[in-house]
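The letters A, B, C and D name the chains in turn, as written, and every chain counts its residues from 1.
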Amino acid sequence: MNKGRLEAFSDGVIAVIITIMVLELKVPHDADPKALAPLIPVFLSYVLSFVFTGIYWSNHHHLFHAVHHVNGATLWANLHLLFWLSLVPFVTGWMDENHFAAPTVGAYGLVLLGAACAYTILTRVLLATHAKDSTLAKALGKDFKGKISIAIYVAAIALAFVHPWIACALYVVVAAIWLCPDRRFEKLLAESKA
Amino acid sequence: MNKGRLEAFSDGVIAVIITIMVLELKVPHDADPKALAPLIPVFLSYVLSFVFTGIYWSNHHHLFHAVHHVNGATLWANLHLLFWLSLVPFVTGWMDENHFAAPTVGAYGLVLLGAACAYTILTRVLLATHAKDSTLAKALGKDFKGKISIAIYVAAIALAFVHPWIACALYVVVAAIWLCPDRRFEKLLAESKA
Amino acid sequence: MNKGRLEAFSDGVIAVIITIMVLELKVPHDADPKALAPLIPVFLSYVLSFVFTGIYWSNHHHLFHAVHHVNGATLWANLHLLFWLSLVPFVTGWMDENHFAAPTVGAYGLVLLGAACAYTILTRVLLATHAKDSTLAKALGKDFKGKISIAIYVAAIALAFVHPWIACALYVVVAAIWLCPDRRFEKLLAESKA
Amino acid sequence: MNKGRLEAFSDGVIAVIITIMVLELKVPHDADPKALAPLIPVFLSYVLSFVFTGIYWSNHHHLFHAVHHVNGATLWANLHLLFWLSLVPFVTGWMDENHFAAPTVGAYGLVLLGAACAYTILTRVLLATHAKDSTLAKALGKDFKGKISIAIYVAAIALAFVHPWIACALYVVVAAIWLCPDRRFEKLLAESKA
């Protein structure tokens, strides 16, 4: 089965998710630039969620670039990932509405954790139908970044109840880890063509 | 006529439908995790509608994978299906807003029934322009799952007025029937390539 | 220049337009089926706008199927069409909100007229870069349906102020004219392949 | 790495941005055509933002037409551009809500400036991976339009505090500069094929 439609549908869902989050930035009824001040944390959480959604899109792009075929199980593993991502606007909004209170920051981490687990499951489902020496298997390798992210999310959820900003700092750390582009795929794809 | 654009447009519409449903999950104005409690049924209905929309996308994907050509009638049979799917966020919202009252649960079933009938019509329209021994015709076969789903929806709509949870349980049964991936297409497509 | 992205972008915009219109169907706060009664005209206007948007997508699909190349002017002629279509949810909402009062029904016709003119301009721009004996030129022919639609829209806008239902009936007539699939393109494309 | 998905995702995001802006046109609760009068500035700002978003889509289309390959850095330079574009509905709404007060018109220019800088960065990132004699490098040339736009935006932001309409006039000037289709790409692509 062709992977083109799975990519197109995922692109569509992620495009809508990334764009409806901006609706949470409620237009102030005052022209004074000071009216933007209360929006600063909302804006920062928008930037964070935009970056996380962008990371998932970028990783999804790299991942499926190395995929050769998909089956019914892949479709559902992918829908499972999209489900968790679709909750990002909700938890971002809950966090904004309550000034980054501990439970809301924890919930934000929980959704990121869900998405990270869903992504890991997706890679496992894909590996099950690709040979051990396939470009995909080599590119995924030990998936160090994936494992460390899950560990940091778990820590962040717990530490949110010590202080929410610790959790927020950890989310930024995970984003930074992934923003360094995932060269594994690019390197191996270049090699496999050579 | 090429099927690519019909697939792309359907992907776009279904991507928007599946994502705007999450807007029904209204952000609580309270940071207490207890504030999420009243959202649990809303969340469960979101999961159910996400799964149903995912099932339609997945089946649409499998179906058009076996399709060779489309015509004007196919475009409209497909738009008819998308019309019913576009009503899913509305009936999900009505059900949520009224705590799964019998008429709202019945209306939810009615929209699912409409979508199921539209899907059946779409397959009939496609079969009319494909040979009897085409991959499509063989893959669709007797369409047992489609027929049983329609029967269950009709029963669920009636039983919603006995007790709404009976109808909800039946909706979950239909979802479960379809979540087992539709191997007919994958099997036959594999065979037709061999 | 390739037409693929113009098609994909148009698909995306039309998919969002067709789906956000359903948000105008406000969820009733009452589970009684009678609560749906005031929604009936809103629902009918949704169906009408869904059908019109579907007609434009379908015609756009047929049109670009016969197009070989696009240029900068085509992109803007196409964006101009999308602009008018993007106003459909607004005029549909205005009509709903005011119980099909004459000025709102007239405004609905005005937007449909704008879209029809934009579509005609788009075909002219495309014809300017295609040979007179191209499939596109032959398929468009005298564009009888396009011309009659524009005439009916003009009449409907004026007659809306006699009685809004006359205008509504005329909109249904135009939709019916287009729902008969546009066989010109299919016929000629079939011939050009033979 | 293939550029197809980057194009498809950008199309999706821009399609959603361009369409959700129309939601700012709030449906009047009065059928009198006079009820539309207060919407005229909102409508004009919608037209301006639609045109700007259309310009970015059109330029993005031309740009990537000449691109041969993308890498991780390209994905993020592109996401950065989409981020600024995603803020257009917010600043348009802020400007509308406050009757084009100076700070809101300045903020509008700031977002346009951000998008223009992001677009310039994107072209630099692309040039870094394309040869100096590539179609892309030739087509971009000295990027006169890009530089003049940035200069006008900076002037407009400052002049918004003299009088908002000066800034608005300058935004229209930039739009007019770009609406003249960017023939550099079309010309060079035609030559490179000849």
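In this section, contacts are C-beta pairs under 8 Å (C-beta built on N, C-alpha and C of every residue); 3 or more make two chains touch, one makes a residue touch a chain.
No experiment lies behind these values; they were computed from the predicted model shown.
Asks: Relative to chain B, which chain's C-alpha centre is the most remote?
Replies: For chain B, the chain whose C-alpha mean is farthest off is D.
Asks: Between copies chain A and chain B, are the contact residues mostly the same numbers or mostly different, with half as the line?
Replies: Because under half of the interface numbers appear in both copies, chain B and chain A meet with different residues.
Asks: Go ahead and align chain C to its copy chain D using Cα positions, then give the rotation in degrees, nearest 5.
Replies: Superposing chain C on chain D takes a rotation of 90 degrees, nearest 5.
Asks: Measure off the straight-line distance from the CA centroid of chain A to the CA centroid of chain D, and report it in whole Å.
Replies: 26
Asks: Enumerate the residues of chain B that touch no fewer than two other chains.
Replies: In chain B, 8, 12, 15-16, 20 touch at least two other chains.
Asks: Considering the complex alone, what residue numbers of chain C touch chain D?
Replies: Per the touch definition, chain C meets chain D at residues 1-2, 5-6, 8-9, 12-13, 15-17, 20, 71-73, 75-76, 79, 82-83, 86-87, 89-90, 93-94, 96-99, 101-104, 107.
Asks: If you look only at chain B, which of its residues touch chain A in the complex?
Replies: 7-8, 11-12, 14-16, 18-20, 22-23, 25, 27-33, 36, 47, 50, 54, 57-58, 61-62, 65, 179, 181-183, 186, 189
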